[in-house]
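In the two assemblies presented below, chain A is common to both, partnered first by chain B and then by chain C.
Presenting the complex of A and B:
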């Protein structure tokens, strides 16, 4: 009976992992700033669900608490903070000129996910826990896809969401491999994530006011030019 | 107890600067708190020399020789930069109404910097390093000009991108520690003890992730591109902190982890560190010829020094470790002096362009003399401390059989030396442009330069006994002994 329950939970966790990967693809495929933000919130909730499932399975209070912290910080606090610091019209923007168009981006994201699976292949063999076999590759894929969208995006908020999505990926791997991390560390990490949103939010606001654009990638005044020796 | 007070004083200062009635005295509060913190750090260091380790809260806050050396450097650089900021910010900043906010944020940065070496747990070290990055972002963009904001944005994106990568690295480290049968709370000491039983594959993977994530914050090539931008656009006291100590603290975390990895018999990565370190030194040495902005010049010299420290640690011998520790210390004290001097030149002439500075010796003998002194010191001319530590690193490399690396390193160091002197030469000598207006230097700027110059001059010819034993202790701990 207990093993059937364990299997069910592991199955649900695998389903959850698939959904996390799908939301990562969704972030790559969305042009609207608001849409990217929504995908991020959904992804954070899936992350919390995975923490609840594994926490229930292993009887770990830490993971349940981590799930609650995740929802509080990433699904509630961060969107609120950004709403407060940033003018509304930033959310209604669409990104017109992306560095790489969306179909190619999705293809690249898929390749990154496959690469993640191969990268951690030799590592997960040290554990027999099926949860580790699911979470570590998907978590790494989340990090890689987040990093890719950070490079490919031009608007400030999607870049911020890219960083936060990378953080989600790291945590998705973390809930499986470091499940009894001291709670204070988890709490500190959550505060850190909110601070990232605050600082980037304030910086984006300053940039909009002073420079008048949020296409951060267009700022390129600072660079090294060859010195003419006289 | 002294350790806890040392690390919490900057936080107290930040709180005080934030309270409305105290805002007018933000500078005085900052200087007093950070100076007290430095005094207490000296006391803590003396306790470490007596007992080997000082424990604030067991398994959370502990300081051994290496930690306390970094704490000393942080409080020294942050305290002096605060003194320097007094005259400089009132004179040179366009944002004088927001100065209380500047000092508040500055103290938070100092707090994050000083707490990282005091943490005994690697996971908390990650949190601390991220806090450093975050508190520095708004300070880099403090002047609110388009270029300052651009620099802040580049810095934010490039270094925050490293955060989740290194976070996964620390999770994997914790996992490896757990598999080897460690307890629930990992500490650096626990990691050394467990290093030989941890799965080497996991250790290497974790180190790779942490190295990529933190390497971006250290400014190792090819992730160094934010560094010259941030260091040229930030207010000068922030540059001194960023260049002098903010790059060294994540490097401290990398070196700590490296010594754990090197303690594991199967994970041989020392030579990789040598190669990556040399790559940074090389990139910096060639870019030093290209710079037009003297603050960027000192920034590239930071990339060079970080590479040298990593190379020395990669030799993985006693000599390499003590060289790395000495270079870490000498870099901090010398590079902060460089930026105070650069700030003084900026105050006197109001330009950052090298070619617009001519005949500095005639315009301001004080700034000119300081610039000559600090450039000699940072480029590694004898008899300054950096010469000694670079020399000991080169000889350590020869002794451990890294002959090719030593030859390359020596050539690159000489190249960087030549580049710095070609640039400095143009600034110091010649006839000043007659129309240029000169501004007298504020007293706090002169004071900071004089205090900062003292250890740079003294440590090259005479290392006091306690400092020497602290460096020896730190080098031993870097080797995991």
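Presenting the complex of A and C:
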């Protein structure tokens, strides 16, 4: 029989999971680059809170350290890096173009969330841990919704945030099932994610310099002008 | 039995008496946030007093609908208030007269007649506002239904009192991903139904941009007072459903002692005050949406409520 404190923490983790799903929907629903970025930061903070809660419950110092790394890497470092590398007009762009309009996108995201629940159902039933029951389906939903926004967005930065949101989903599912992953592996992933942000940020900046846009739809022709390195 | 009927009447008096205060506090807080002093929190009472003492002008072109509507709009929130837990934790005399769907129907009836009365006058602004309100209404309707069905699926009942006791009795149901999603969806719904800021501007005086307000433009004197009071009560009733049934089902009187029931009044008022602060933050930090963005706002609410439903169904089948 779980103690009252354990139950309370599991409950708070479940509330947190709801908020993470909500921010995933928010990333699909917003039009502005900055709005997408803000939702990503908020999601990363909720993610860290979840790691803190589960780490406290299982007495695992790894998970707590993981939470700190998450806040440092995703809520502080990545937004700073992107803000530094990207030109301001790109970062502050409103009205992002989308392949599919926002209400239909939201419906698709909902379908993905339902699919995630279905897919995870048989997997979850072998575990009795309520944290697994909450985290696994919502983590998978986060991965799928991130992949969807990667496909549906046409601008570079929201696409990058899509990749990062997929990582967030995997993280959220991961903390529930593998709480004793070596810290060094998690640290490597956190560094990796920052590097992805730097690489894509720099690439995006150079693309805007030479082509003048980062809209994927207009980039249907090859540019064969010689490119001089600056 | 006599006591529960009496307490039910106390609930009605609570809604009747504090609805203007609620809207007064809300507008006062908003003015303070905008660095203005704002009118006194008692101003809505004075407005009602003034309107009740004025003559009523009714156009000769209107039919019985126009005269009947203010009374209906006034009385409908009171019906709903007798069905929901406002002050007490246990079902009162009229609790089993109707469930949450009945409450929705009652509010819908009031909205329907208000729209008809707006069309009845022939004033060009009335029908425009009425059609916009209907647009918001039919977009909000599915969210309402899904929220209610999810809640009743979790609690195995559609009676608000029993839902409220379910949240109190079982923390596992209270702390679930479905619950927080439901709360957000219902909050968005309250903003839409109450004509608050991301959807409608309640303080706007520009007829072309009005959604909810323009329905009452043609009413004067007693009719205007009843419409106004009814609108305020509707908002208070929605807030009570949100706070007492969904968000914070604590602080209600748990036994039939008259003292405890009276003690519940300040506790509820405190909850409403905290909620008012949240509302003011929402209203002051957002801009009014363009008319055709409202469908996206309510679409998002719909998505969230369906996600809540899915989450609760799957967690129920897993448990």
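By definition in this document, the second predicted complex is superposed on the first by the 215 of 230 C-alpha atoms of A that agree within 3 Å, B and C clash if a C-alpha of one lies under 4 Å from a C-alpha of the other, contacts with A are read in each partner's own complex, and residues count from 1 in each chain.
Throughout what follows, a residue touches a chain if its C-beta (ideal position, glycine included) is under 8 Å from a C-beta of that chain, and two chains touch if they have at least 3 such contacts.
Please read these numbers as outputs of a predicted model, since none were measured by experiment.
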Chain B and chain C placed together on chain A: clash or fit? fit
Quick check on the superposed pair: does A:14 touch chain B, chain C, both, or neither? Answer first, second, both or neither. second
Comparing chain B and chain C in the superposed model, the one touching more of chain A is B
| message | In the overlaid three-chain picture, which partner chain does A:192 touch, first (chain B) or second (chain C), both, or neither? | response | first
**Asked** Of the partners chain B and chain C, which touch A:90 in the superposed model: first, second, both, neither?
**Response** neither
Review point. Is A:114 touching the first partner chain B, the second partner chain C, both, or neither of them?
Key: second
### Message
Between chain B and chain C, whom does A:41 touch in the aligned arrangement: first, second, both, or neither?
### Response
neither
Reported in degrees to the nearest 10, the CA-centre angle with chain A in the middle and chain B, chain C at the ends is 160
After superposing the two complexes, the shortest C-alpha distance between chain B and chain C, in Å, is 17
Shared chain A footprint, chain B vs chain C, residue numbers none
Chain A contacts chain C in the complex at 7-8, 10-12, 14-15, 17-19, 21-22, 25, 29, 102-103, 106-107, 109-110, 113-114, 117, 121, 124-125, 130, 133-134, 137-138
Per the touch rule, the chain C residues reaching chain A in their complex are 171-172, 174-181, 184, 295-296, 299-300, 303-304, 306-308, 310-311, 314-315, 317-319
Contacts from chain B onto chain A in the complex sit at residues 121, 123-124, 126-127, 130-131, 134, 137-138, 141, 144-147, 149-154, 156-157, 160-161, 163-165, 167-168, 171-172, 174-175, 178-179, 184-185, 199, 201-202, 205, 228-229, 232-233, 287, 289-292, 296, 355
As the complex stands, chain A meets chain B at residues 120, 122-123, 126-127, 139-140, 143, 146-147, 150, 156, 159, 163, 166-167, 169-171, 173-174, 177-178, 180-182, 184-185, 188-189, 192, 195-196, 199-200, 202-203, 206-207, 210-211, 216, 219-222, 224-227, 230
